[in-house]
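Two complexes are shown next, each including chain A; its partner changes from chain B in the first to chain C in the second.
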Partner chain A sequence: VRCQLSPPQRPLQASAVLRRVSDEQKKEPLASSSQQHFNSHPTDHQPEQEPQGPRPSYTGQGGQESEDYESEEQLQHRILTAALEFVPEHGWTAEAIAEGAKTLGLSVAAAGMFHSDGSELILHFVSQCNTKLSELLEQEQKLVQLGKAEKKPTEQFLRDAVEARLRMLIPYIEKWPQALSILLLPHNIPSSLNLLTSMIDDIWHYAGDQSTDFNWYTRRAVLTGVYNTTELVMIQDSSPDFEDTWRFLENRVADAMNMGNTAHQVQSTGEAVVQGLMGAAVTVSNAETVRAVR
Partner chain B sequence: GDIAFRFINYVRSVRERQLQQKLKHHQNLSWQEIAESYLEDKFKSLGDSQVVVCDINKEMLKVGKQKAQQLGYLEGLSWVLGNAEELPFDDDKFDVYTIAFGIRNVTRIDLALEEAYRVLKPGGRFLCLEFSHVSNPLLSRLYDLYSFQVIPVLGEVIAGDWKSYQYLVESIRRFPPQEEFKAMIEDAGFLKVDYQNLNLGIVAIHSGFKL
Partner chain C sequence: LPAGGAPLRRCSTRAAPEGVNKAVIDRIIRVDHAGEYGANRIYAGQMAVLGRSSAGPVIQQMWNQEKDHLKKFNELMVAYRVRPTVLLPFWNVAGFVLGAGSALLGKKGAMACTVAVEESISDHYNSQIRTLMEEDPEKYKELLQIIKQFRDDEREHHDIGLEHDAEAAPAYTVLKTAIQIGCKAAIFLSERI
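Moving on, here comes the complex of A and B:
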């Protein structure tokens, strides 16, 4: 958006990298909207690009007719996605981001665009996982609607949804405690909490939650408690394929379902939340200790 | 020169940390392998990192070289004579371009910014440390007083050179304020341009990325 307001020459010079890089992507959902922004620029500026000297090889073709400009944000997302590959080795750090930038043909200095504590990388990852979960649940719902699959009972549905989401952590599980402690930093809490609540909302939405009463809050709090506690169990679980975690999850969901009347629910909600927080505090202090020792 | 030394120190410390981490992960290395990795580190303590120091003035380069030798910085440094408005380097060569208290003295700042853009690799970062404008009115008055009444006098007394220090103070005043300089950097093609004031604006660090 900022590109639109500046003098005509700037977007063409500035987005040399952005534009070419986006050529490589066949499916860029936002590209078509950004195309509209730049169609207003006169095309006689186009030739100015050519004499700018040899470009590195990742650009591919020399002449560019496409006007697919990529915004800074999109480029940042691509760098972060590329950086995830390096997290198991470098942790959620600026080093991982630098390595990610390198794979995109950018200088490692590009990592300077992000916070040095790796916050954006973690938030990006969480957001990606949530999107994947939504897509998964959406697909499942379609199958049910088409009659190709049975509608799962709520308990089963919740268990499977939480398990699916937590399984996405497995490749990064070693460094996940570090991520959790960063997500709990004051400047990250608004974003991380937001991501968590919308994920929980999503799950309940696909579970067919129609409630508009007090139960809406209770259900979310309860499921949040289940999710958080299971996550904490998972990072300390060394059983094969995390079977201990899934058993824990099964029990917690069963508990949640068995809560009868509202009063009991409120009390259990409170307990679940407190338990979750206590577990989180212990984990964070453990994670910090481990990190300090390293 | 000074930034070059800091950079070299930084690279060395990062590599040392990486080496330590590597050794920690491979607990079962033989003594031979450990010795080899330390040796390699000694010969190539900078890895592939290099610093090029460029200045338009030969005397400045000489001073820089002497200082480097005195402080023991022998490897990874090269000294090039050049004009910021027309750099003797190819396109897309550097990861980082820094200029400290130098861009103020360039006649055509926009050309220097364009050259910086040209020689940076995609993803590369431009960093500029320069005197800037103080917005706080009280500090501004004190600063002006100090600049025009004290600095040239000290210059005359200590270095016998009133004129140079008069020039210094005037050139500081002539330099565009933070936002304007930020716009100039954006005009050269940099993105995610930002600045950080030091000492309430007496000095500012501007940063931009070639994306």
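Moving on, here comes the complex of A and C:
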């Protein structure tokens, strides 16, 4: 690293170091996962434009930097995406991130940008999966709107959506228990909960849920339960293509649908009973009146 | 916190429709929905007691308008993907009890309750209109129109309440203040949870 930087290294300085190292190494063939971001990182032949001051700005201050610059955030996303390839081997760790950084032509010191327990890598992965799921559901919805596909009944829709989302875990299933335990660490819970709730809300939205009363909460709570239990079954499932998991999922979703019907029946029964009691009360009161008059 | 890590912003899976300020719209729709729901229940309570009295038709008419308001907010809630407040079951009961309770004080009591609630609601709508105007009147044109219309309707209810001798109700000032404090609390809570 041929830069003079005074400690403590701040995030922007760290990225600046990495950028310069990468530029100096020139581009070896980059990992395929970073190809899509190549546009934000064009010819490094040109000297970097220094907008103002000694260090290039990575966050969008003043709009001075050129379009060539990617923000620090985009760089972090690229590194994490590249790191996913190494998760089956190294687990959700700083090693995987370091390997990912290497494939992008960056120094392994890039892993220092992230938490040492791999939290950001896991959260990044979950967020990516959720985005993929949303896109999938959006496409399906478009097909139905164009009349090219049949609208699925709710039960099947939920089943398929949860299955599609869980299948994204398959390449990483060996190391997924580790990821789950990290997601449950106190400092990760707000983020992981947020990701979980927005995913479940997405699924219900595309399933056509339009509830505006307390049902909004019960439906989401039930589906969250289904998703979490199925996920747990999946990580210890050894059947071919996880067929035990999908059967478990089918049963849980069926239970959830039944719950809705049962609640409905209970309400109707309750109303009928009340009506019956009111009728009885009126009859008795009439009988008393007749008797009193006589 | 990690040595060099700025917190990584997660990509949101929920794209805001046409770049609206989700946080602000969320709160507005959630609290307005809760408000109209509560107003519905208040009138339902009043009708349960005074339905067959001379005030019945007036209350019924105001109730019908509130039903339309609630229907509109139900639609907006789905369109903007806003979650309803968890306190809905509570407002269900509390609203009915307030309506029935005020109606038991007589027709004037019910009208006093209406005046108090409608005044709170119109002030609340006014501050929302101000917020949206400060944000971006063009972007929120449709929502502004709806809120303005509803604010005018609530003002009308307020005036009807006054016309029907709300101020002659027993302990009018105390009643009105208590109800308005309750409304403020309800608004505060429904915006957040």
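As a working rule, the second predicted complex is superposed on the first by the 192 of 294 C-alpha atoms of A that agree within 3 Å, B and C clash if a C-alpha of one lies under 4 Å from a C-alpha of the other, contacts with A are read in each partner's own complex, and residues count from 1 in each chain.
Definition applied: a residue touches a chain if its C-beta (ideal position, glycine included) is under 8 Å from a C-beta of that chain, and two chains touch if they have at least 3 such contacts.
Just so you know, these numbers come straight off a predicted model, no measurement behind them.
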item: Chain A: partner with more touched residues, chain B or chain C; value: C
item: Chain B versus chain C as contact partner of A:Ala101, first or second or both or neither; value: first
item: Which of chain B and chain C A:Glu72 touches, first, second, both or neither; value: both
item: Chain B versus chain C as contact partner of A:Ala221, first or second or both or neither; value: neither
item: Which superposed partner A:Gly112 touches (first chain B, second chain C, both, neither); value: both
item: Common interface residues of chain A - those touching chain B in one complex and chain C in the other; value: 10, 14, 72, 112-113
item: Touching residues (chain side chain A, partner chain B) in the complex; value: 6-7, 10, 13-18, 52-56, 72, 75, 101, 104-110, 112-113
item: Footprint of chain C on chain A - complex, ascending; value: 9-11, 14, 72-73, 76-77, 112-116, 120, 123-124, 127-128, 130-131, 133-134, 191, 194-195, 198-199, 201-202, 205, 210, 212-214, 216-217
item: Chain A contact footprint on chain B (complex, rising order); value: 91-92, 95-96, 117-118, 120-125, 186-192, 207, 209-211
item: Chain C residues touching chain A - in the complex, by the definition given at the top; value: 2-6, 8-14, 33, 73-74, 77-78, 81, 83-84, 86, 88-89
